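What follows is a set of structures to go through.
Next come two complexes, and both contain subunit A; in the first it sits with subunit B, in the second with subunit C.
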Partner chain A sequence: MVEALSVKGLKKYYKPRGRFVSKGSFVKAVDGVDLSIPEASIHSVVGETGSGKSTIGRVVAGLIEPTSGEVFVQGTDVFNSSKKEMRDLRKKVQIIFQDPYSSLNPRFTVMRIIEEPLKLNKIPFKSDQITEILRKVGLTPPEDFLNRYPHELSGGQRQRVAIARSFVIDPTFVVADEPVSMLDASMRVSFLDLIAGIQRERKISMMLISHDISIAYYLSSRINVLYLGKIVEAGDGEEIVNGPLHPYTKALIQSVPKLGKIEKKSVDIKGNIMTSSSEITGCKFRERCIFAIDICRKKEPELVEAKPNRLVACHLY
Partner chain B sequence: MSDEFDFWKEFKSNKKGMIGLIIVLFFAVIAIFAPIISPYNPNTTNPALFLSPPSRLHYFGTDTLGQDLFSRDIYGAQISLIVGISAGAVAIVIGLLAGLISGYLGGAVDEVIMRIVDFFIVIPALVFMIIIAALLGPSLINVIMVIGLLSWAPTARIIRSMVLSIREWPFVESAKANNAGKIYIMFRHIFPNVTSVLYGNAMLAISAAIFTQAALVFLGVGNVTSISWGGIIRDAYTSGALTAGDFSFILPPGIFIFVLIFGFIMMGFATEEIMNPRLRTIKG
Partner chain C sequence: MIEIEDLTVIYRTREGKIRALENINVDIKSNEIFGIVGESGSGKTTLAMTIMGLLPRNGYVESGSIKVDGDDILKLKPEMARMVRGKVISLVFQGAMNSLNPLLKIEDQVAEPLLIHRSTNRGEALRRARETLELMGLDSFTWKKYPHELSGGMKQRAVIATAMIMKPSIIIADEPSTALDVITQAQLMNILKELQKMARITIIFISHDFPLVSEMADRIMILYGGKPSEIGSNRQILSEAGHPYTKGLINSVPMISARSKPEAIPGEPVNIKNPPAGCRFKPRCKMALDSCGSYDYSPKIIEGDHMIFCKMFEGGKDGRST
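Coming up: the complex of A and B.
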């Protein structure tokens, strides 16, 4: 069976701008990532700001070119295909963006925003299709919204419009880049249910990008934890949340606020994410890791199978 | 469109804008109804009335050919408005296209267009215009084109800088992910988001063009035989009106140029004032 997404050895390096940068130094936004997502399932990429998770999403959607590596979406090579093949692929791939304020053109009406993917991809449609998708994402009655501009809508309504735009052309693969992080906490679960509902109904494959491991756990079957452009742990969502192996994953799980009791944190991390320039040797997480041992400074850990179906990149395993 | 409605509502309550609009409309009415308003044919010469002082028959007196200056000042509004608005439009259209293409395509195209912009910003435009206008000949169209072609550079720069930020917005990426072409993105997505700056800029371009046209005619470039404010000042200057203290000859066209330019600048300021908070909410 063809996988919905297959990423092999994906690298995206940025050259730092400016005069006083040493030659040959790069910011490694994504540094050798392998991913595969089977049809009709949701996998997630989790990591903090600067880990390169959004870069992966944009590469997968074909918006930016990788430095090296292969990306296949439903069997089509995203960066070595004919124009015709790419046009066909883009009809099937959609992105949901994080910020509903900048992902909608302020000069477009809701109707124009939702029609756009259909018109651009030259898919014939009837106006019922627009009202139907609006109803589906919870903007009822749809007629009230068609002629409004984004600035006349609330943040939640805007994100519903953005979701409607992504699903109106029946995509088979969706990249959801932090779809709920700009929304009020009280609305997040209903949005996740909305996305998951459409995904199950239409058997869509999805890559979820999030900084919040609880959202990844809620929505996806497999979680990939990203740190400075590398996957440090990957596995079944349930298993990762209940038994994290990598110290960074442990810290991510600790960081999820819990209601009711305040327990003492057993794992913590120090400082901020480092710049991922090429100078760092050894494990990139060692500076912040409380378990760091000697070898962490010298050798970068490989991603190994610690348990069946469970990958981790840490010298402790 | 709700946006335009909002704009007019805010413009009405903006004092600067309304003063500017009234001034511009005043001159527009004068220009359109010049044949009705002016008491004499502005081209009728009368050697008997050589430089006659202001009187009840000739409010501003007459010039060296005995032509009625009041009538000539009224007809002068026509050329100033036609050249100002047309040259302003030429400058804005070219500036907009150059800015959109340069900002959106980037790379070598951007580099080339921006070097051309630098060239037009650095050269002394008036001198350049005199040379080109002299080469092309003195027709009205030529004057409009010369002024327009030499004043688009600042607009191109402003539009480019806006495009550079707008093109990074996710709604542009969303369109790209849906097979949108470059032309589509430039004109459907980016253009509607730069119009706000364009309106204010257009007003300033028109006022600059009015001044430039007057300056060119004063310096003897362009169609010297048609009636224009710059031409009247030139006639006054050559006939020694200033030293003779013949202020009714030299002052009215000068004041008209100043007031008309002031009107357009006020409108430009008002437009920018209204558009700016909106810009901030869009970026919000």
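Coming up: the complex of A and C.
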């Protein structure tokens, strides 16, 4: 069976610019990532700022080229295909961005924003298709919204427009990059339900990117935890949340705010992501890890199957 | 400590007057963490700005008073009000880590309030700045650095040090952790809590993130569309919530440990340019009655200072006997 997404050995290095940079140094945003997402399911990539999660999303959506590695979306090689194949692929792949303030053209009306992907991909359409998708994302009655500009809409309404734009061309694969992080907390669940509803109905495959593991848990069946460009733990969402193995995954879960007063939050981690450098030897997480042992300094742990259906890159397992 | 009485704040705009906050009555006690929860347009930032005297030009206080230790800071002469605000109350801004001056070294930045309020000379100011930075867990390695050389979490600590240097008795933290990663956010919350215990200060903690506030606050006020919905102790709000909006907030949390499926609050936050008549939550409320359109926000006092602003609990000052 062809998978919705297959990523192998993905690397994306950036060469820092500027005068004060030593020659030959690279920022390793993504450093050897394998991912696979079966058809009609949602998998997530979770990590902090700087983990490389958005870079993966952009490479997968074909927006930037990887340094090395291969990316197949529904059987098409994203970076090694004929023009015709790429045109066909672009009609199937969409991305939902985080910020509904900067991702919508302020000079376009809602109608124009939603028509744009159809026109760009030369897909014939009727105007009821536009009203239909507006209704689907909860902008009702659609006629009230067609001629409005983004600045006339609230943040939530803008994100609904962004979602409508992503789904109007009937994509079969969607990258959702922090789709709810700019929204009020009280509205997040309704947006996640909206996205999940369309996904189920149309059997869309999806890669969710989030810094919040509770969102990933809510929406996706499998979670991949990313740290400094590498996957440190991957497995079934339910199993990861109820029994994380990697110390970093544990800290991510501990940090999620829960209901009820607490004296002190135990977060078993030191420093922050800037503390670690991709240049250090051994495990890249070791300087933040409270369980670090001697071997962590010498040898970088490989991603291994610690138990059935669970991958972990940690010397403790 | 802070008594807010009948506060109404208005913005003049081209489309007319916007009542950003209306008839807010609340007492904030010393040495407590007082949480304010609200979504966009709830008036939570307006409240912080009013206390700090930082309302934008088109904003003004229509009525009400804000008493800090007995003095109404809205009526004090500008000079005096500035003194109170500088020495007694400090503010940690939204997106605080970007509020540092990129051209100043961290220690100079932290010392600045002392010099502005002419409390001391430069040498002494620097000494106290370093002391405060150390207290915040920033060691000598960071003192001479510029903001761009520090990580988000370190900048956040520096900003809190700046707020702490005048030894205020009240800190207002307005969405201090938006734009931070969850781990950094959790670490910051621990710092604030420690600080509150150690320095015995009052913290007004403002956020749209209900679970986050519930972890921090001793008492909580829930704002909706410029009006209060419910005020009570942490326990009262979490276990004895009365207002449908409060219940909605509790049920909409995607819980990582519980099996129960979260339930979204339908609709969008209220547009305060054009609020509905009566209860502002009515259009999103599952329990709404026709009569909610004429609700006048007279509170129901349940127990002690647990107050619910909802037609279902229809007014009156005596709670249980009815």
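Structure notes:
Please note the rule applied: the second predicted complex is superposed on the first by the 307 of 317 C-alpha atoms of A that agree within 3 Å, B and C clash if a C-alpha of one lies under 4 Å from a C-alpha of the other, contacts with A are read in each partner's own complex, and residues count from 1 in each chain.
We take it that a contact is a pair of C-beta atoms (placed from the backbone, for glycine too) under 8 Å apart; a residue touches a chain by one contact, two chains touch by 3 or more.
As the structure is a computational prediction, the values presented were derived from the model and not from experiment.
Partners subunit B and subunit C, brought together by superposition on subunit A, fit side by side with no clash. In the superposition on chain A, A:Lys53 makes contact with neither subunit B nor subunit C. Of the two partner chains placed by the overlay, only subunit C lies in contact with A:Ser186; subunit B stays clear of it. When the shared chain is aligned, subunit C comes close enough to touch A:Leu252, but subunit B does not. An angle of 80 degrees, to the nearest 10, separates subunit B from subunit C at the C-alpha centre of subunit A in the overlay.
Subunit A is touched at more residues by one of its partners, and among subunit B and subunit C that partner is C. By the touch criterion defined above, A:Asn121 reaches subunit B but does not reach subunit C. In the superposition on chain A, A:Arg222 contacts neither subunit B nor subunit C. For the three-chain overlay built from the shared chain A, the minimum Cα spacing from subunit B to subunit C equals 11 Å. Residue ranges of subunit B in contact with subunit A, taken from their complex: 2-3, 169-171, 173-180, 184, 189, 192-193, 281-282, 284. Across the complex, subunit B is touched by residues 58, 61-63, 87, 90-91, 93-95, 97-99, 101-108, 116-117, 120-121, 149, 151, 165, 169 of subunit A. On the side of subunit C, the complex with subunit A involves touching residues 39-40, 151-154, 181-187, 189-190, 193-194, 208-212, 214-218, 234-235, 238, 248-250, 252-257, 262-266, 268-269, 271. Those residues of subunit A lying in contact with subunit C across their complex are 48-49, 154-157, 184-190, 192-193, 211-215, 217-218, 241, 251-265, 267, 269, 272-275.
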